[in-house]
Structure formats: structure tokens, C-alpha cells
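One chain, chain A, links the two complexes that follow: it is found with chain B in the first and with chain C in the second.
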Partner chain A sequence: MLKYILTRLLSGILTVYFIATVTFAAMHLVPGDPITGNKATSPEIRANLERKYGLDRPVLVQYGIYLKNMVNGDFGISFTQQNRSVNDIIRSHFPISATLGIASILFATFGGIFFGALTGISRKKIYDRSIMFGVILAISVPSFVFAAVSQFFMTELNQKAGTTLLPVGGWGGLSHMILPAIVLGLGTLAFLTRLMRSSLLEVVNQDYIRTARAKGLSPTRIFFSHQLRNAVLPVITVLGPAIAAITTGGFVVESVFAIPGLGRYFVQAVQQLDYTVIMGLTVFYGAFLVFMVITVDIAYGLIDPRIKVSARSA
Partner chain B sequence: MNSTDKPILEVRDLKVEFDTYGGTVQAVRGVHFALAKGKTLAIVGESGCGKSVTVQSLMGLIPSPPGRITSGSVRLNGREILGLSPKEANQVRGKQIGMIFQDPMTSLNPTMTLGRQITETIRVHDGVSDAEARKRAIELLEQVQIPEARTRVDQYPFQFSGGMRQRVMIAMSIACNPEILIADEPTTALDVTIQAQILDLLKTIQRDRRMSMILITHDLGVVARMADDVAVMYAGQIVEYGGVQQIFHRSAHPYTVGLRSAMPQNDEAQSKMLKPIEGSPPDLFDPPKGCAYFDRCPHAMKVCAARNPPLWDVQEDHLSRCWIHHKFATSSTEVFRSNRMGQEWEIQK
Partner chain C sequence: MLKSTTAHSETNSRFQKTMEVDPLIQDLTLQDFFQASREVSKQKISRPSLSYWKDAWLRLQRNRQAITSLGIIAGLTVFTLAGPLAWRLDPAFQDLTRISEPPTFAKSVLVLGEPEPFQELVSSEVPATPQLDAAATLKAPGLLQITGNPTTQSVRLQWSPSEGASGYVVYRSEEGPPGEDYLGVPIAEIEGGNRLSYEDRFNLEARRYHYAVTAKNGAESAGFSAIETTLAPAIRVADARKLTPDAEPGTRMTLPAHPLGTDYLGRDLLARLMEGARVSLFIGFVAPLLAMMIGILIGGVSGFAGGKVDHWLMRMTDFVLALPFLLFMILFKVAFGAGAGESGISAMLLAMVILSWTGSARLVRGQVLQLRDSEFVQASRLLGASWVYLLLRHLLPNTMGVILVSLTFAIPSAIFTEAFLSFIGMGVAPPTPSWGSMCNDGIQTFLTHPHEFLFPALFISMAVLAFNLLGDGLRDALDPKMRSVQ
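Let's turn to the complex of A and B:
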């Protein structure tokens, strides 16, 4: 198990290195640079700025400095926000994005498993039909539409109630989180519902379920101790990519709900070609996702005994 | 049917249907049999003849829908067990009747330790403590001859071979001391040497615990080795029923005779070309009005197409569903009788 984790971590580090290199290359291939902005800059100022940020040196040297700083955990200073370091941006805004992300991942995962199980075991067609209709809706409609629509209805509701039941924007307590977390998790929830449903329908017809019935176990017991665990396995495998989907989806939802998360800075940085911020945030997000995928794989090993041992013998 | 002992299980006129897109399949069309205490009844027949459906409906394991038990009665120690409430049925399953299945590779839950799978049955039925159930699980594993039962009990199915898994299935099915063990083709998925071991194990356990057993198989070799009584099934009905000696040495139904000539012999002197039964079983969406074996039977008569024969008493406790036992049947019966005499002679030699 330890060997498995170490191998996975090593390959994860390699992945992050590639992400860093590709981002760096992409930044320098894109026409324009952060200094060419709205204001006209005289050649002297330009040369000064280039010296300050090290842009006057050969690309390979810049690459070397960039890697060296990154290893030391320093992503540099923003070009456009005066003297603000990328690390500082991450430190103050990532916790907000992460909280929102975790809330919506939890909502999507448990909701997906719950609704999937409901459609999978319910003998009544009406539940199945209506949930599957909702699933298709949630998968096809983009999150910014849901964001706007939910804001609209919530505002109406708040007006009807004469008080703020749930705020439709900004960031503060738990109440600020509910609406954006639901909107952000909805697509993933729908996807997981479908996965859980088909997985459960497959498990229900397995021979070992017949064995469990032949042992005289009650349906509830069969469901919880035999069907659920086996049906959840495929759901856990896609949690890695699902986390990625929610994290990236967060950029849009954060801007609609005016949440001061990392996503907003990312979008801003791309618009202004803020080299250091783009590279820093990309590498940071990349590393975060790689880490999450590894965590999910390890969790998978804990739930499915077959994975653990094959990894040990490998 | 053994009239001397009071049977532990009595099945009468069991009929099972399945609704499919193609129509309704009449999988079991009126099956009667009785199981005596401590005896083994083998149900033999080719694929699709309704053997498994018969026993699964005794256990209430027919998925419904699409399955439907349309008539019949199943009495366990005189008590009707068809149409019990789900809760009552759960007290019969696993406690009074244990069951093992054909494919041990897929019949165990892959993500649960074997110990938990065994103790689960014990705890549900006997309400003992976790520790006590575990102790019993280890004992059971030892009884089915799993080495190092103490460590193996915490392992998962994928760490076991097919034969070992079938042993675990046996341990699980006998965990609550059932009176009846149903083995649905327990050795079909195993290789030949393992088959013999599993059959021996079943036999030992049955003898030690004085269990009754229903053994489903399409292997006449297994029947000869294990059974006291035999029911030969064809197209959802029992066509011949009798003691194992009677079925093998005095086969009364042309289908049984056909099965026997299609069976390979070990003895070189007797080994001849195997004779397959030509044709295929009838369509159970629309079963024939007459005898279901009519199209394939070498002794078919006019009456066979028109009416389904009843079960005749050929001898005491030996029944056969064929018109040739009727006293008016003559010409083809002669052929059949001589055919049978020849076989008996071969066996006696």
C-alpha cells in the first residue's frame, strides 16, 4: 500500500511538472504581454518593467528561474495587481473556492447516490421517470443559466417572504453558500445519479444478490450490506474527474454569485495576460486536482478489497 | 414416491410462468414430487427444462415480475410455504432450506469477507452474538475442509479458487442447520477433479447432518453417484420418477432411454458411439397439446400427438409419463420393450 501511494505521488509530481512546463510555453507563445496594456508605455518604462520582472532575459533562463521558485513554493508577483504575490492571492482566496467546492462535491455525491439508489430500487415508474427527466435537464443546461434562474426565483421568494431567506450573492456565512453550492453541484449530481442508477441495476441482477436472498436476509439488509457498497464503486472512480469538473465550473458560478474566490482572479488574469498569476494558479489547480485524484484512488482501494492487494503485489 | 416415510417436502402441481416480450413462457407445467427425510432427490434434464425454476420457486427466488407461480402447493413438514409473507419466507430461506448455486465465482459478494457472509446468515436466523457467530463460521469452514480457517475467515472471495469458493458456499448454506439443502448444479462450473471432491463433501455433510437434498444436474454420472431418487424433467414436466436403480436399469420413458444412450461410458467394452437425441425441446411459449417429447421420440404413436400422457405407475414408486405403458399400445411398445431388455442385459453382464 505504501509503495503504491509513493508511486502514485511520484507520477503526480511528474504530471505537475508537465503542467508547469506546458503553461509556461503557452504563455510565451501567446502574442502580447502583460506590460502592453491600456496605457501607452514609453520604451524606458517598458525596459524598466521588463528588467523588474526578468522578462528581458532569455526564455530558457526565465524557465529555470520559474521552476526554481516554484519548487521553493514561490509563484512570483502579479503583473497587474501592484506588488501582490500570487501566493498571497491563493492564500486569501483559495479557501473560499475550496469551501464552496467541498460543499458542492458533498451535495453532488450524496445527492447522486441517493437519487440514483431511489431510481434504481423504486418499483414505481413515476419516481424513475421524474428523476431521470430532472437528470437530463441538469446535465444539458449550463450552470450559469441555473445560477441566474436560481437567483431570480430566490429574489422573488425573498420578496414574497419579506425577509432574506437565502442571499443570492456575496460571501459570508453558511447561508451564502447554499445556493451557489447547489448550482455548482447540480450537473455532477445528475451525472452521478445516472451512474449510480445503472450501476445499481446491474448489481441487483448479480448472482450474489440471489445468494443473499437465499440466505433469508431482509430486502433492507440486502440493499445496505450487499447492493449499495458494490454499486457505489463505479461512482467513486469518477469522483476524481467530478472534482475537476466542479472546480473548473466554480469560475463561472463564482462570478455570477459575486463570490471572492480564486476563479474570479483566474479569469481576470487570463484577460490581462498576467503571466505569473496564470501560471501560478494553473500549476496550483493542477497539483490540487492530481492530489484529489490520488486520494480518490486510495479511497477506492479502501472500499474495494481487490484493488488493495493487487497494488501490494505489484 | 416413497409412501413408507412421511416426506419432508411435498410439491404438488407446481406451475410457473414468465412474462417476456415474446409472450408467456410456461417454464414449469405441473410438477409433483416428494422428498424423503435424509434422502437425495436428483432432478435431471437438459437446459431449459425447468429444473432450476422449479427449485427457485420453492425458495421464493423467482424474480417477480416477470415470474409468476400460477398454481401448486409446496409443503415443508406439512406446512404450506408458497404464498408466505416476505418475512415468513425469509425465516424459511437459509434457516430451513439452504441453497447453493452453480457458479461459485459470482455467487459470493466480492466486497465482503467470507466470514461476514457466513456470520450474516447465522446472526439473522439464530440471533447469536458476533463472537459466537464468528466461532461457528470458523467451525463451518473447517467442516468444509478449508485449511487455516482461522485466517481464511477474514479473506475475500477473490483470494479463493473456484472449488474453495464452492466449499464456502456449502458452509454458508448449512450454517443454520437446514433440513433441506438444494444444490443447483453445484459442480457444473468446476473442473472434474474438484467436482468429485465437492460431491464427496456434500455427501459426507448430508450423512452427518441427516439432511435431505435436492440435487439439480444434467450429468447422469453425478446422479448415479449421489441420488436415492431421480426425477427426469422434460419441457417443464416430470416425465419419469423413480429410485436411482429403476431409472438407470429399468428406464421406462423413451426420453430417459435417450439420455442414457447419449451418456458416455467408462467401460471400454460398453463404449459405443454416443447416440444423441435428435431435434430440440418444444417451444414453451406454446407447448404442444400432446406429449412434449413427441417430435423427438422414436416410439411416437398417434395418440402421443393428441393427448399428453398421464404419469403411469410402471412399478411401485416408479412413474413414467408415456403412452406406451397403456395396455392398448402394441407395435412400437414391442420395439421399446426389446430395446429395454437389451440394455438390462448389458448392465447385468
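Let's turn to the complex of A and C:
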């Protein structure tokens, strides 16, 4: 198991290095450079600025400096916001995104398991049909549509009620989190529902279920300690990609709900072409996602006893 | 299994019973038996042989959701390609007199000449600023009337002075006649007791309005004077000539219908949706197709060649697969940029293809590996088939089903990605519409003019939903593994 963890971590570091390199290369493809602005600068000033920021050095040297900074955890300085380093931006806005992300991943996971189990065990076709149609709908409708429509209806509801039942934007207490967390988690919830359903249908026909039934266990007991426990495991494997989906989904949802999270800052940086922030945040997000996936994989290995065998052989 | 055995034993027992009891059988004689003619045994039970694709098509036809989706997709294609032929409004034409209009039919309007400048009525009989002590007994201004023809271009109001007033407040209401508790929305506060007229030109629609005016001097008078009017739809000749160059004042003309309304620049939403469909669906079809072709090439080579080539190609695939998709879509979109005047479609295509060929490469490699060692390929090889023949005759046709299914699922996700990127302003550049960028424009005014957001959102959702359902149907129809389950 230790060997497995080490291999995964090593490959993760390699992937992050690759991500950093691609990011660097991509940003060097951008026509023009950050110094070329609206105002004409004299060649002397230009040369000074280039020396100051190391832009006059060969690309490989720049690449080396960039990698060194990244290793030291220095993601650069914003070009459009005064006195703001990317680290600063991450420090003050990432916790907000993380809080929202955790809330919506919890919503998506428990909701997905619940609805998946419901479709998997319900004898009535109508439940199965309607939930599965809802799933397809939730997968097909972009999150910004859900965001806008939920905002619209919440505003109407608030007006009808005469008070603010749920705020439709901004960031503050728990109440600010409910609507965006639901919208953000909806797509993932649908995806997990589908997965949970198919994995439950697979488990239902297993021999050990028949054995349990033959032993005379109650249906509730069979469901909770045999079917659900085994069916939930595949759901955990896709939590890595699910976290990625929710993180990138946050870009849009945070913008629509005016939440001062990192995603909204990333989108703003992209719109203002703030290259250093784009670069720094891309590497940060990339590293974050890679290690989230690894964490989920390792956690899965620890939870599922069957995985250890295949890990050793891998 | 269990069921069939019990059924079998049941028929057995019934058979035994008839053997014992039925008297008819006991009465049979030799004459009751004769030789069956050859014709009967010649009848064979057979069905026309079905090819893989014919069979898949039959299966798909039985799937109602998939067929409906296929219809929707066909409809969208017709909408995109033939739509602009039938609906000839210019999607780029900005009608600034009809901004953010909800869906409307064609309407006939009066063409007005250049308006005479509004002459304000200033009375010399009453003072502009009377003594303040008149406030308590302030009376309503008398006789509110409309001068000239009230049209959607302007409504000119005039009233007679109220004694002791230092100014007037004009109200407009779209609901019932003004009462004591509600006069309408205050649209103007006029300072000066001798100014007795007002021209309303703000956001007028062709409908009934109630105007009311009160006098004020510190406080407002309790009494008011009111008038009701229905506005005639009208357009100024300068604006009319932008639509039809030979429009003359005093004539009537028909304004084009906007079945889906107009956007924030007065452009026809239906025409823009058609043009946007071209961008969204083009990216939705072409990006997966290109990615799939690269994927087939790399996956095919990798699986066929094996060894070191396979190893390094797959390492490369793993690395590209490790890049978070949407994050790097944004990054590449920034990197490839769009020069001035470019739409940015090719940049988006390029970014999408670079990042999304991996899935199909892995899929094709897996399929090729599986098929390469299968018996029928070995047999073919044994008979001396060249590798080109193997590839074209055996490998490709047998992977086609899986490829088609994954292509069908790649299309909605490409449409989705385009919408996502355009929505955060990283998609196609502004003058070119796409469904995603139209959503981005529309969401700014969503609370007041929901149609600008809802229609493009509806089209995105419908297209993605249809492709997803069709993909589900195709997978069920084409995937042999699914058949054994059913």
C-alpha cells in the first residue's frame, strides 16, 4: 500500500510539472507581451522593464526561473491589480471557493446516493423513469441556466413572501451558500445518481445477496449492510473527477451568484487577460485537482479491501 | 431457468392425463393417418438476414426517446441551414427603437415626420414661485388635456394652473384609473407654478395609459386631475427609412415581427439564434469529428504496432488526459487568442481538438487490441490477408459502432463546452453570435427581459439533451454487450 501511495504521489508530481510546463508554453504563445500596453513606451523604458521582469533573458532561463518560483510556492504578481500577488489572491479567495465546493460535493454525493438507491430499489417504474429523466435533464442543462433560473424564482419567492427567504447573491452566512451549492452540485448529483443506480442493479443479483436472503435477513438489513455498502464503492472512485467538475463549474456559478471565490477571480483574470494570474491560478488549480484525484484514489484503496490486490499487482 | 423447468413438467403431466382419459385417441383407426405432403415440410421458418447496421437501426426505431431526439436533431439542422432562407431578417441589424422587446407579431405603425420641437406652455398669469402659505389649501390643477396626437413617440400634456402652486408632479399609470391611494409612477417633477405642460417620451408602448397631475408647493395637493389615453403605434421617419428607404411621413408601414423578441441592441433574436446555431453546432460537430479522427489514428497505430510505440503513445495520452479539461480550454483559448476581427472559432476548435482526442485514442486502442487477437482476424491473417485489408475489412468496421456511440456523446459535451466558454466571455468574439455568448448577453437583463436569456438557453439545453438521449439509444442499439443483458 505504501508503495502504491508513493508511486501515485510521484506520478502526481510529474503531472503537475507537466501542467506547469504546458501552461508556461501556452502563455508564451500569446501574441505580444504584458509590457506592450495602451501607452507607447520608449525603447529605453521598455528595455528596463524587460530587464526588471527578466523578459530579456532566453526562454529557457525564464522557464527555469518560473519553475523555481513555482517550487517555492510563488505564483507571481498580478499585472492588473496593484500590489496583489497571486498567492494573496489564492489565500483570500480560495477558502470561499473551497467552502462552497465542499457544500456542493456533500449535496451531490448524498443526493446522488439517495436518488440512485431510490431508482435501484423502487419497484414502481414511474419513480425510476421520472428520476432518470431528471438525471438526463440535469446533465444536459448548463449550470448557468440553473443558476439564472433559480435566482429568478428565488427573487419572485422573496417578493411574494415579503422577506428574504434565501439571498440570491453575495457571500455571508450559511443562507448565502444554499442556492449556489445546489446549482453547482446538480450536474454531479445527476451523474452520481446514474452511477449509483447501475452499480446497485449489478449488486442486487450477486450471490451474497441471495445468501443473505436465504439466511432470513430482513430486507432493510440486506439493503443497508449488503447492497448499499457494496454499491457505494464505485461512487467513491469518481469523486475525483466530480471534484474537478465542481471546481471548474464554480467559475460560472460564482460569477452568476457574485460570490467572491477564486473561480470568479479566475474568470475575471481571464477576461482582463491578466497573464500572470491566469498562469499562476491554472497551475494552482491543476495541482489541486491532480492531488484531489490521488487522495480519492488512495482513500478508495483504504476503504475497499478488494483494491489492495490489484494495487500490488499494478 | 427455474421457470422453464416448471413449465415443462406441467405440460408433461397434462400430456399424461390426456393419454389416460381422452376417448378420442382410443377411437383412432389406421385410416386416420396419412402421409404428409412434401410441401408442408418445405415450409421453412426464416427471416431475412439482418446486417449489423440494419439490426441496430431496427433496435433504435423501437426506442421512442432516441427517435424523438433524432427528430429534434434533424429539426435543429433544418433550423440552422434552411432557417435563414425562410426567415430573412438580418441578424446583425440593430433596431434601437425596439430594444429588448418581448416576442411580438408584425404590427402596423404610423410614420411620423420629423417632430416639431416641443413648445413649453409658460403662463404669464400665475407667478412661478408664490407665497409659501398657500400650501395648506393647494387645489388640484384643472383640466388636464392632451395636445396633438398621442403616439408611442410622444404624448404632450397640458393643464391649467393651480393657484398657489410652485410646481407640478406628473404621474403615469398602466393600471386602472388613478385613485386617492395610487396615481401611478411619478415621471416628472416640474418646478415653477407657471409651467403648464409636459412631453412624455419615455419608454412608451402602444397601450392605454392614465396620466395624472398634482400641484405642489412643499407638499403635494391631495386633489389631482387625470386623463386616459390610448397611444397609436408610431415610428419616426428617420428610423422608418432604416427599414424601408422610401418611407414617407403620414403613411403607414408594417414593422417586422419578432417571434422571439429582440436583444439589448434591438436585433431579432430568432435570426440571431439561427446564426448562433451555425457556430454552436459547427463547433459541436466538427471538434469531436476532428478529435475522433486523430484519436482513431493514434489509437489504431498504438494498438496495431504495440511495443515501444504503443508505450510512448499511451504515456503521451495519459499526460494530455491529466490536464484538467475546462481549465486548459480556457488557457489554450487565451493562448491561441483571436486577432481583431476574428471570431475565435478556429482557436476554440484547435484547443478542443488538442485536449479531447485522448478518449477516443484509448477507446480505439482497446478495441484494436481486443480484435487483433480474435479468432476471425487470426483466421484472416492465416489466409494471407495484408494488414491494410485487416484494418479496413475487420478492425474498422467492428469498432465503428463503439466509435459512433462515443462520437454521439462527444457532440453534446462539445456544445456544452462552447456554451460554457462563451458564457464566461472566452468563446467566440462578440459580433459573431453563438448560443453561449447570447446567454452571456441575455443574463445581464434576465430579471427584466427573461426572453433574451431563456431562448438561447432553451436551444442549448434542447440540443444537448437530444444528443445525450440519442447517444443512450445508440449505445443500447449498437453495443452487443448490452444485448445479452436485455
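Everything that follows uses one rule, which is that the second predicted complex is superposed on the first by the 292 of 314 C-alpha atoms of A that agree within 3 Å, B and C clash if a C-alpha of one lies under 4 Å from a C-alpha of the other, contacts with A are read in each partner's own complex, and residues count from 1 in each chain.
Criterion: contacts are C-beta pairs under 8 Å (C-beta built on N, C-alpha and C of every residue); 3 or more make two chains touch, one makes a residue touch a chain.
Just so it is clear, the model here is predicted, and its values are computed rather than measured.
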Does chain B (first) or chain C (second) touch A:Gln206, or do both, or does neither?
first
Between chain B and chain C, whom does A:Phe224 touch in the aligned arrangement: first, second, both, or neither?
neither
Partner with the higher number of touched chain A residues, chain C or chain B
C
Between chain B (first) and chain C (second), which does A:Thr282 come into contact with in this model arrangement: first, second, both, or neither?
second
First (chain B), second (chain C), both or neither touched by A:Gly216:
first
Which holds for A:Phe153: it touches chain B only (first), chain C only (second), both, or neither?
neither
Could you look at A:Asp304 and tell me whether it touches chain B, chain C, both or neither (first, second, both, neither)?
first
Could you look at A:Ile19 and tell me whether it touches chain B, chain C, both or neither (first, second, both, neither)?
second
Is there a shared patch on chain A that both chain B and chain C touch, and which residues make it up?
none
Any idea which chain B residues touch chain A in the complex?
59, 61, 86-87, 89-95, 98-99, 101, 103, 106-113, 120-121, 124-125, 156, 158-159, 169, 172-173
The residues of chain A that touch chain B in their complex are 206-208, 210-219, 221, 225-226, 229-230, 233, 303-306, 309
Chain A contact footprint on chain C (complex, rising order):
319, 322-328, 330-332, 334-337, 339, 412, 416, 419-420, 423-426, 439, 443, 446-447, 450, 453, 457, 460-461, 464-465, 468-469, 472
List of chain A residues in touch with chain C within their complex:
15, 18-19, 22-23, 26-27, 29-31, 136-137, 139-142, 144-145, 148, 151-152, 155, 244, 247-248, 251-252, 255-256, 266-267, 270-271, 273, 275, 278, 282, 285-286, 289-290
